[in-house]
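There are two complexes below, and they share subunit A, which is joined by subunit B in the first and by subunit C in the second.
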Partner chain A sequence: MHSDPFFLRDTSGFLGGYYTLIALVNGVFAFLLWRRQGSVGWAVFWTVFAGAMMVLASLAMSASPAWVPALPDSVRSLVNALSGPVVYSLGTVALFTVLFVFRRFFVRPMVAWSILNGALVLLGLAMADQNFALIVMKPDNVPIVGLVFLLAFFTWVATKQAVVNDDRIARGEPPMEKLADEKVLVWPDLVYTELICMVAVSAFLLVWAICLPAPLEEPASSVKTPNPSKAPWYFLGLQEMLVYFDPWYAGVVLPSLVVFGLMAMPYLDYNKAGNGYYSIAERKFAYLTYQFGFLVLWITLIILGTFLRGPNWNFYGPFEYWTPYKVEVLNNVDLNQMFWVNWLDQPLPRAVSGAPWYSQLGTIFLREAPGLVALGLYLVVLPPLLAVTVFRGMFAKMGFIRYMIMANLMLLMLSLPLKMALRWTMNLRYIVSIPEISLNF
Partner chain B sequence: MAIGETIRNSQIWKSIFRHPMPLDRRNRIVVMLTNFFLHLHPVSIKKQGIALSFTWCMGGVTFFLFMVETVTGVLLMFYYRPTLEWAYNDILALRDVTSLGILRELHRWGAHAMVITTWLHMYRVFLTGSYKPPREFNWVIGVILLLLTLLLSFTGYLLPWDQLAIWAITVGSNMARATPFLGYEGPGQQLLTIGGIDMITDASDARFGLLGARFVGEETLNRFYVLHCIAIPLAVALLLAIHFWRVRKDGGISGPL
Partner chain C sequence: MPAASKAPATAAGGRPSVADILAMARAKNEPSSPPKAVAEAEKPTAKPAAAKPSAPKPPAATAAGRAGVQRDTASILAAARAAAKPGPVSKAEAPVRPAAAKPKPPAEKTVARAVPPKPTRPVTKVSSKAEGEDRRSFLEIATGSFMAIGFTALSVTGGLFSLGLARFFFPNVLAEPPSKFKVGAKDGFPSGKVETKFVAQYGVWVVNGDVQGLQQIYALKTVCTHLGCTPSWLEAEQKFKCPCHGSGFYKDGVNFEGPAPRPLERYAIRIADDGQLEVDKSRTFHEELGQWADPDSFVTV
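Right after this comes the complex of A and B.
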């Protein structure tokens, strides 16, 4: 790996400021706890934590490899060795499941605050690693780091209120939002809030613009292809899907379906409850579907595509050097190959050259029969089957057309994680592969 | 105070502001009705509807960022020339030479922030179930606005004309090459032939329509510049107006019935 001898010198100032900021925020937090809540124990705890952060800050400012707080090499190598697309994807699903199931525990302010501080310290320790810092501090990647913390914060804000509301509704009380039912004048109450927001956003944007120069690389050259070539960060989830699907599906059909599905959502959700207040219990199905699509599929794939995909779109651990010489073995097999050659032990059906078109067409259908049958079962047979079993109640309330659209959108969304699982377990490349018309699925 | 009083009683002041200072209840109502910029709002509103813990102010912040982008964008347009000869050099000069070159930083980070706040606004609207009747159609408009926000950001990404820009757009627009039937590498395009002549080639497919060329070149720069500065902002402005109008017409900020 190429190491920059001035890396620590250049980063230590930032890291020092970073830890100082954490210390400052925790100091204020402790002060507020003591003055407003009267919880002295916690106030002392976070004051001590703030002190520890000041110690980390001064160590970081030393800019000496011996002192700058960092994760031990053994931990970094372990993380690199353990991480891969499978661990990452299953890990995020497991994480979201735990967060959802134990949401009552995680919404408690002290728990959330501890997790936030833990994450911030971990990020600080990780940023002392040159490979990690190179990717995370790339100017266009900084917004994603912000996005992760913002999403965590706002999910916490929403879940906290939903938990309270769910309890109230279970007791037969109206949601909290109903309590502040009285009307206030927009001038001054709303107009001033808007003004303060505008000033705050302007200030934030100015500080950001002053501290972080916008990226500008070498002049465009159509002959020098950078490796990796990446789309803008908000499309990297789509680019990541190219690992599992061909561009016509990952880049055109699935995004169109996402847009269509989002637009269709208000017409598919027949549930009248949960309109105008935070709640989870009253609309669990809609809630989980959206969270799965947004947080698990959209956001985590963006993070994967941005931070963990390097040259040749290979997977790199968070502390791994992006060497372009990393080779990953690609031994993916099509379903037709698996079915005819591996299982039935005979060659792929092939039409004699010069055969009439219907014979060629018949051969294609025969060759792709296993994949087409599987797809047919999945998209045509499964929805009615679900309608008379798990989704029986939904089917009755939604009617045939609405139910079919919902079920198909749902199954197409799940086609991504399913294809991922098939790739990891069976090295499956295409379920249906008709290169004659460039149709691979 | 006498001067202030004189100004507020002058004919000029009164012709601009058709009401006294909004200090008492009556004038606080009148100001909302007579001021063009304020009349987007209702006169009074439920207290929970403006609680930050409820709205996160994300819709408002997104709109504000759109205005920041418009103002900084117009100022940048005075300076930047979308041609192969000048595009990169103008950005370079904004970084190294020009006073107030920070406008480019404001514009770029504002754009990233706007993508994020749009997602967060949508997230909030979903989590509070605010897309439910009678607000279904406003949600649909919101989804289109989300799409336009991403396209605004995507078209703007090309304009600096550096390696980051053209390769991101190349990777992104390569998808269009695979559009079913309409992309020359897409499934089914082989079927669109008349008398042995392909209808869909790399000079007539969806990607060509997007780029104005077979690859990301000067035609693309011009096309994306016009989309970025004129076409998409106009569409966004129109849809924003409808979006805000519908918020009012569909019963204001949502709340429990």
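Right after this comes the complex of A and C.
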């Protein structure tokens, strides 16, 4: 492990404060549980937990490698060895599935609070590792760590309300939002709240900017690209897509489709339920499609790009040192190469130089035939097939045009995870590759 | 108030002018009355527009009622305009007036009020050729109309501006390296070497490598064919690796990993008259278009 004797001394103060803060929050939480809810058992539990956090805080303050609480080396090595794009992506999909299926369990306040505390403690233990701390505590990345927690919180709140509403609807009661539909005035109720929020957030940002200044990098140069070269954090999902696709597709077509798809949603949606209140059971398809696109295909790719992509855009484990000399063999081949050379064992169809344009065009079509056929099957044949099988009810409700738009948008969204899987399993670069006119898919 | 007894006296000789009344009111108010009274008397003058239209003004009447027989400028003005009794509207006089006797909300009253006749709008004289051709109409006569002058001037200015703007694309001094430059004799590029010292200045790798069994010296453009970042040459792995999305290229420039869709481009290279290698950045050669077979794209060792 890449380690520095001064690292722990510099970090111990922060870690001590971090554990103390967790202890304080849990102490207040336990107190509120006791006074408001009267649940003594839980209050005692969280008080003991707060005490344990104080012990961790004092241990962290010692700044001695023997005492500072950290994950054991064996665990870190195991995590590093296990982590990779495949495990990460499959893991996030699995996590998403588990969270969705067992949502009734996860929305319980005590479960959520335990998970939050577990995540915070794990983060604290991991931050005692220098390589992890170097990435996570970089001033650029600190807000993203905060955003991950915020996103988890808001997703939890919405899911909780949806679960409550689903239960109420199942019992034949109106959803919670219908009970508390008291109207409030924009002025002064909303505007005052917004004003107070604005002042508070501005003050917070000022303090943040002073305490944690954003780093300046070296002057820009057209012949020297920083390594790793990263987009702004909100575009790191796009940058991750660019690893698997041609720039015109991952940089232009897919982002535009995201925007147009979001705009098309209200017109494609035939389900009148869930209007004005949270519900999952009443609109499972819409909920799952959106959350998969947002949480799995957007958020986790941002996290991947921020914390796990290092020099040369290689994948680095959370506790791995970002060396630019990491060797990763990624011999990628196009589908035409696979089809003609590897499977049919003959050279790629290539036009004779100086041949007329139609002959050259024909050669390109012949060369790309397997990819074009696959693409045609995927985008033209698959939607009708789905319409008569899986989406039969939806096709009947939506009509031909709306169904086709919905199906194609969904298939194009799914082209990202499919292409990622093909890259990992078959080292496939492009399904259709026409570099002559810079058209690749 | 002292002014109360004076005003009718002045008015006895006939109807005084507004200026007279104003001057009188000021003269009476200022020296004798306390500063508060002055302020009260002056206040309505700040918004004469509000006081102007209504002849028997109820606000004035109430103000007069509040401060005894107060004469404020607004009530004097209003009285003068309406050709009524000049002077203040006192509480004693108020019952005489039907409007003041029965106070109504002002909004209702404005409906019934007689509007003074509007002054006729002076008709602007439109000059025409028939009416004397003076100096002002010279340009108009010369060009046809003022619109023509305006649009002509606009288009001429716009045209000149565009020309001036276009001039910026052809600067007098071009602070960029020349497209043709010499990199030294062939001996300076031993077999298998990727020369990276020209990257910072010219953006080119000069490579002496094996391309399909032929030993060649070629100049590769340092621009990734995926999105245009500058890859770095990794000597240990014998490959060009792009830091942006991880594209990798062999020493001959052919892409083999990551998303780059086509090989790196070559610049033209030749042996100059003095025996040195000369790279020409104005011409590029694409492998996927079969241009690497062009003898200008390499120098045989």
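FYI, the second predicted complex is superposed on the first by the 403 of 441 C-alpha atoms of A that agree within 3 Å, B and C clash if a C-alpha of one lies under 4 Å from a C-alpha of the other, contacts with A are read in each partner's own complex, and residues count from 1 in each chain.
In this text, a residue touches a chain if its C-beta (ideal position, glycine included) is under 8 Å from a C-beta of that chain, and two chains touch if they have at least 3 such contacts.
Quick caveat: nothing in here was measured; it's all calculated off a predicted structure.
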| request: Examine A:Ser74 and indicate which partner it touches, taking first as subunit B and second as subunit C; both and neither are also allowed. | output: neither
| message | In the overlaid three-chain picture, which partner chain does A:Asn342 touch, first (subunit B) or second (subunit C), both, or neither? | response | neither
| field | subunit C versus subunit B, contacts on subunit A by residue | value | B
| task | Could you say whether A:Ser438 touches subunit B, subunit C, both of them, or neither, answering first, second, both or neither? | result | both
| task | Check whether A:Leu190 is in contact with subunit B, with subunit C, with both or with neither, and answer first, second, both or neither. | result | first
| query | Touching A:Asp246, do we find subunit B (first), subunit C (second), both, or neither? | reply | both
| message | With both complexes overlaid on chain A, does A:Val223 touch subunit B (first), subunit C (second), both or neither? | response | second
| request: Could you look at A:Ala158 and tell me whether it touches subunit B, subunit C, both or neither (first, second, both, neither)? | output: first
| query | When the two structures are overlaid on chain A, which partner does A:Asn332 contact: first (subunit B), second (subunit C), both, or neither? | reply | second
| task | Enumerate the residues of subunit A that count as touching subunit B in its complex and touching subunit C in the other. | result | 221-222, 224-226, 229, 239, 246-247, 251, 436, 438, 440
| field | In the complex with subunit C, residue positions of subunit A that touch it | value | 221-229, 239, 242-247, 251, 311-314, 325, 327, 329-332, 353, 429-430, 433, 435-436, 438, 440
| said: So in the complex, the part of subunit C that touches subunit A is made up of which residues? | reply: 199-201, 203, 222, 226-227, 229-232, 234, 236-237, 241-246, 248, 256-259, 261-262, 288-290, 293
| remark: Touching subunit B in the complex, subunit A uses residues 140, 143, 146-147, 150-151, 154, 157-158, 161-162, 174-191, 193-194, 197-198, 201-202, 205-206, 208-210, 212-222, 224-226, 229-232, 234-235, 238-239, 246-248, 250-253, 259, 262-263, 265-267, 269, 271-279, 283, 287, 290, 294, 434, 436-440
| remark: Note: in the complex, subunit B contacts subunit A through residues 22, 25, 28-29, 31-32, 38, 41-48, 50-54, 56-57, 60-61, 64-65, 68, 88, 91-92, 95, 102, 104-106, 108-110, 112-113, 115-116, 119-120, 123-124, 126-133, 135-136, 139-140, 143-144, 146-147, 150, 153-154, 157, 160-168, 170-172, 174-180, 183, 185-191, 215-217, 254-257
